[in-house]
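Order as written gives the chain letters A, B, C and D; numbering starts at 1 within each chain.
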Amino acid sequence: MNFRSDNCYGIAPEISAAVQAANKGTDSSYGDDRVTARLQARFSEIFERDVHVYAVISGTAANALALATLVPSHGAILCHTGSHIAVDECGAVELFTHGAKLVGLEGANGKLTPAIVEAALARFEKGSVHHPQPSAISITQATEVGTVYRREEIAALSKIARANGMKLQMDGARFANALASLACAPADVTWRAGVDVLSFGATKNGAMGAEAVVFFAKDDVRDFEYRRKKSGHLMSKMRFVSAQLEAYLHDRLWLKLASRANAFAAQLAEGLAGVSGANLAHPVEANEVLVHLPDETVARLRKAGADFYDWEPPKAGSTLIRLVTSFATPAEDVANFIRIAKG
Amino acid sequence: MNFRSDNCYGIAPEISAAVQAANKGTDSSYGDDRVTARLQARFSEIFERDVHVYAVISGTAANALALATLVPSHGAILCHTGSHIAVDECGAVELFTHGAKLVGLEGANGKLTPAIVEAALARFEKGSVHHPQPSAISITQATEVGTVYRREEIAALSKIARANGMKLQMDGARFANALASLACAPADVTWRAGVDVLSFGATKNGAMGAEAVVFFAKDDVRDFEYRRKKSGHLMSKMRFVSAQLEAYLHDRLWLKLASRANAFAAQLAEGLAGVSGANLAHPVEANEVLVHLPDETVARLRKAGADFYDWEPPKAGSTLIRLVTSFATPAEDVANFIRIAKG
Amino acid sequence: MNFRSDNCYGIAPEISAAVQAANKGTDSSYGDDRVTARLQARFSEIFERDVHVYAVISGTAANALALATLVPSHGAILCHTGSHIAVDECGAVELFTHGAKLVGLEGANGKLTPAIVEAALARFEKGSVHHPQPSAISITQATEVGTVYRREEIAALSKIARANGMKLQMDGARFANALASLACAPADVTWRAGVDVLSFGATKNGAMGAEAVVFFAKDDVRDFEYRRKKSGHLMSKMRFVSAQLEAYLHDRLWLKLASRANAFAAQLAEGLAGVSGANLAHPVEANEVLVHLPDETVARLRKAGADFYDWEPPKAGSTLIRLVTSFATPAEDVANFIRIAKG
Amino acid sequence: MNFRSDNCYGIAPEISAAVQAANKGTDSSYGDDRVTARLQARFSEIFERDVHVYAVISGTAANALALATLVPSHGAILCHTGSHIAVDECGAVELFTHGAKLVGLEGANGKLTPAIVEAALARFEKGSVHHPQPSAISITQATEVGTVYRREEIAALSKIARANGMKLQMDGARFANALASLACAPADVTWRAGVDVLSFGATKNGAMGAEAVVFFAKDDVRDFEYRRKKSGHLMSKMRFVSAQLEAYLHDRLWLKLASRANAFAAQLAEGLAGVSGANLAHPVEANEVLVHLPDETVARLRKAGADFYDWEPPKAGSTLIRLVTSFATPAEDVANFIRIAKG
């Protein structure tokens, strides 16, 4: 019963097969291969616009390279206090930007709002060399606590970004889960809503190690390709990364996998509703469930072999835990977890 | 007839199978998995010493992270003018070290010698804050021109390094090819000869994207693991990288693959000896052949579909080209190339 | 009536004279001169311990170089949300540390407390490569709001720092003002209280441009001298910076100047107590007065030529303003300011 | 007899007086003061064009900040092997550019030529992410060996720079000496000859610590001001730096001081021509004399108290020494030096 992370699960069979299929003959290295060439068109089709796509092998690299491309060393990046870039990437963005400042902002359900951003902006004096200059907003879709931004919410943040000369970056490590939840077009919650660059995650949702940085305007690409190379993130046998992404996008695989993971999370949420003392911390909109459970329930689940994170230290007899579901989560694990939780 | 780079070839079947085999059930992410755990012992066995091994996905990352761990921002790194870190990595080492200086040194057959290093050291005033301080020697094994350092050559460089408080790093992107050529123990040309850290390449020799940074002393590891994470090089599904390395080392696969590639290079060298106007630029000791060919021969080969690099612009009717062979090079390609070259 | 900043005032006559006196004959450059050589002993005498002193020309350089010497790129630095390094230095510390994270913490009267620091530490998982590792506490003495840490307060923070393997850095841009206020020995509120490195400011208190980074243990100096040079902060004619510091320390000049500035602040605080609607925001312990004044009072003062900062935007008819006094503030300016404020 | 460096001499009386004169009343800090405001017009007048001037306190800061503003992290900077940025600044440019590559090129008399630059450019593949991209040429005026670029020489380099999308930076630590030697307008050897940015040195020629970065086009300034602040190089009491520069430029002081220093160098060169075994290494065109002297002559001079650098280790009974003259060099020191050299 592994609910620790979607990263703990493996590779979707279709993606694994695509990697093997790409293992034929020779091709150019460092991204000049035929598979990679096809990605550009494939992503453009999916996003209904000419996009500029660059594959890397980790979400940290995707976020840090994208933000470093758009934010100067003297810039500031507004993000949620709980965002991955602020908490879980060991300061990668600060390294790649050469010292830009991440400004962590509190917000309900893992989200930023226009009011939150505007309050933060008031703290920085525009044009003063003494203050880092707000240069980007970074949002996470789906958020770290399993909620999902609506297109209007994104558009509202984008409006502030534009009005203040800032870019809007989306950390989409779980973008597929968000999209499956929203059931809208990829374009609707990205460039149509004002997103400038997207870290399009595939690894957590069935790839081996493949993320795509998607720029929606050519001008924003700037020196991204040099940055990717200079940081060691340009794979020599790139075709095997690109093959993962191609398979991921083929025949809506990405959305099918994400829908499966989301459904498990919904089942967990529904099932846990019937557990005495259980309290959902946030709406369950993607593939994560953050739930307060009585400590004895937590102990019982762990004893039965369930693996998951304590999101916060125990408090007053209850602990906030995080459950993450995967396309590959066994259905019986979900059922068993609920059963054991019910005691 | 692809002799452009070993990077143009794919994945060895045994390695591909190992990746699929690792795709079962769940495991911990970010390198806390069981496959990665086994690597430590496996590498220690092969190097006859407790080594400290960290997987990354590119040679550039391996070199830059290893050197940044050992060389301060005010340091200088002595390397061959033609080395990959100096020429082909877009200044990755300079980025990761935050501005250390690569000092490129000329040397016959792609190699540094004690005399070359000592002459360079004389240019830096020890302890002066005005001058970058020589902190490491970086050598490439096999070299960029297909030659191989002997253990005595390495030991002699190590002696100077130690005498001057410098570390000795080995870029082993083609370490297997060098070792297959030398037919000695891995330890003999690494730690026993005074190498402090090795970029152990697997990608060029049959992996999909897997390199290992091997430290031979625990103290040298320092903050390497933080550096790897902070630069986005810690894969979440690390087990699939580690599985490649495990298969690569199993049953001497790495040496078998390299021997096959080396043999093709030897055949090319031998065959080209019979070509009118052909002149080998360097001894052929690994899987690369640098050869001067008459421009008409070059043109004939290209017309017949042979793919390779011009190493230098044409001069006086002749061009220095580079031919790289792979474990997966078709044997008939080698024969055909020689036949066509002979005209 | 300039109460905008102590930086708006000039050079103390004694310091100006010392610079001229140093302008005789030749001396070695880049800090190898005789004046600089004397500083080491002078500072050691004043701090009652062998200290290691390095002059720079700005407080930003002092803080950023000192912290970068002690904090790795993957480190985190705990500081007050209102601290100069967090707010007013454009992310210099983040640049010089190559991406360490400043963790801004709220605290009454501009101060950190053990409880605040401990709560923050709980958010970082020790030894996890995913999280920046808390490596230093930075405190400001006197604080940005004109309060002063007591020796016991510093010692308590130091205890936590040591228990967690962190260094304690003190931004002493207004160290003289703090010391004049505390009337204790310099050692008492620095190394005896567990401070590892001090940015010893002189510029705000009568120097032209001279700050000293004071390390209390030789081991902590590490590669500071290379960092100073590499960042362009090693002055060629260093003797003129050192001469400022020497004069500053001579015959207790630094404390006399600071006492004078502090006394003006005390007079302001006392005088404003009699102003209708005036409310001191913090105890006035050094040379800064943060006071809420009715907007009409603020307007009247400005109309009369008083210059000062709005510390916060006006709210409910009142504005929090900051008044900074200098050794060179004309006594009549203080009297006039109070008189006008009284209306 | 101090011929070690012009840095060993002090402050010109006019400059010292200007610093004292600026020490009156209050003024805005961080460069918003009246003296600094006047500099812009003053420099524009001298350069016959609207220039953009920013003061810093060291030549290393001037060079590194200017180049970092114009050269991306993936860039390369072509410079002479003997240039200050390549040899004497501990890799400051590499730090400030976040890892750009300095490409040191050999050239007679400390100079680059079009042929040298073009040969170097051929080694970099334009647009390839694997290679640092040549982004600037840096030349030193006067050079490190006391020669001076003619306007045609500069214009020829500028032509190549422009043709290749590169900027032309001039390290003018001894710009006054060069100009006094050329007896032309400042504009002629800067923007009219295609120089994009100039490090305008004053420290070596009589200032206490003052250099100006002069941009000749507004677009090139980019984020320079943020870079200056973020690196700790924005002085709070800037007026005292600006006052030095103002005095330096007043009534042609800078050229008078430089002419005096140059004249001493010319006297040395002429006098040493009569010394047995003496050989000038380069034309003496500014305030430096590089001369081969018999070792016994060198020893005799040192014994008599002369201070100077060995530029190279002794070889075959002779040593290449460097003599630097200053506006403040005592005339009798020059005479004595020659007399003693003659034996």
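In this text, contacts are C-beta pairs under 8 Å (C-beta built on N, C-alpha and C of every residue); 3 or more make two chains touch, one makes a residue touch a chain.
If you're wondering where the values come from, they're calculated on a predicted model, not measured in any experiment.
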Across the interfaces B-C and A-C, which one involves more C-beta pairs in contact? A-C
Going by C-alpha centroids, which chain is farthest from chain A? Tell me that one. D
Cα centre of chain C to Cα centre of chain D, whole Å, reads 34
Go ahead and note the Å separation of the Cα centroids belonging to chain A and chain C. 41
For chain B and chain C, what's the span in angstrom between their mean Cα positions? 50
Residues in chain A with touches to at least two other chains are numbered 30, 73-74, 89-92, 95-96, 98-99, 129-130, 226, 229-230, 234
Could you please specify the touching residues of chain D with respect to chain A in the complex? 30, 72-74, 98-99, 129-130, 133, 223, 225-230, 234
Within their complex, state which residues of chain D touch chain C. 2, 4-5, 7-11, 16, 19-20, 22-30, 56-62, 64-65, 89-92, 95-96, 203-204, 208-209, 226, 229-237, 240-241, 328
Quick one: in the complex, what on chain A touches chain C? 73-74, 76, 87-102, 122, 129-132, 313
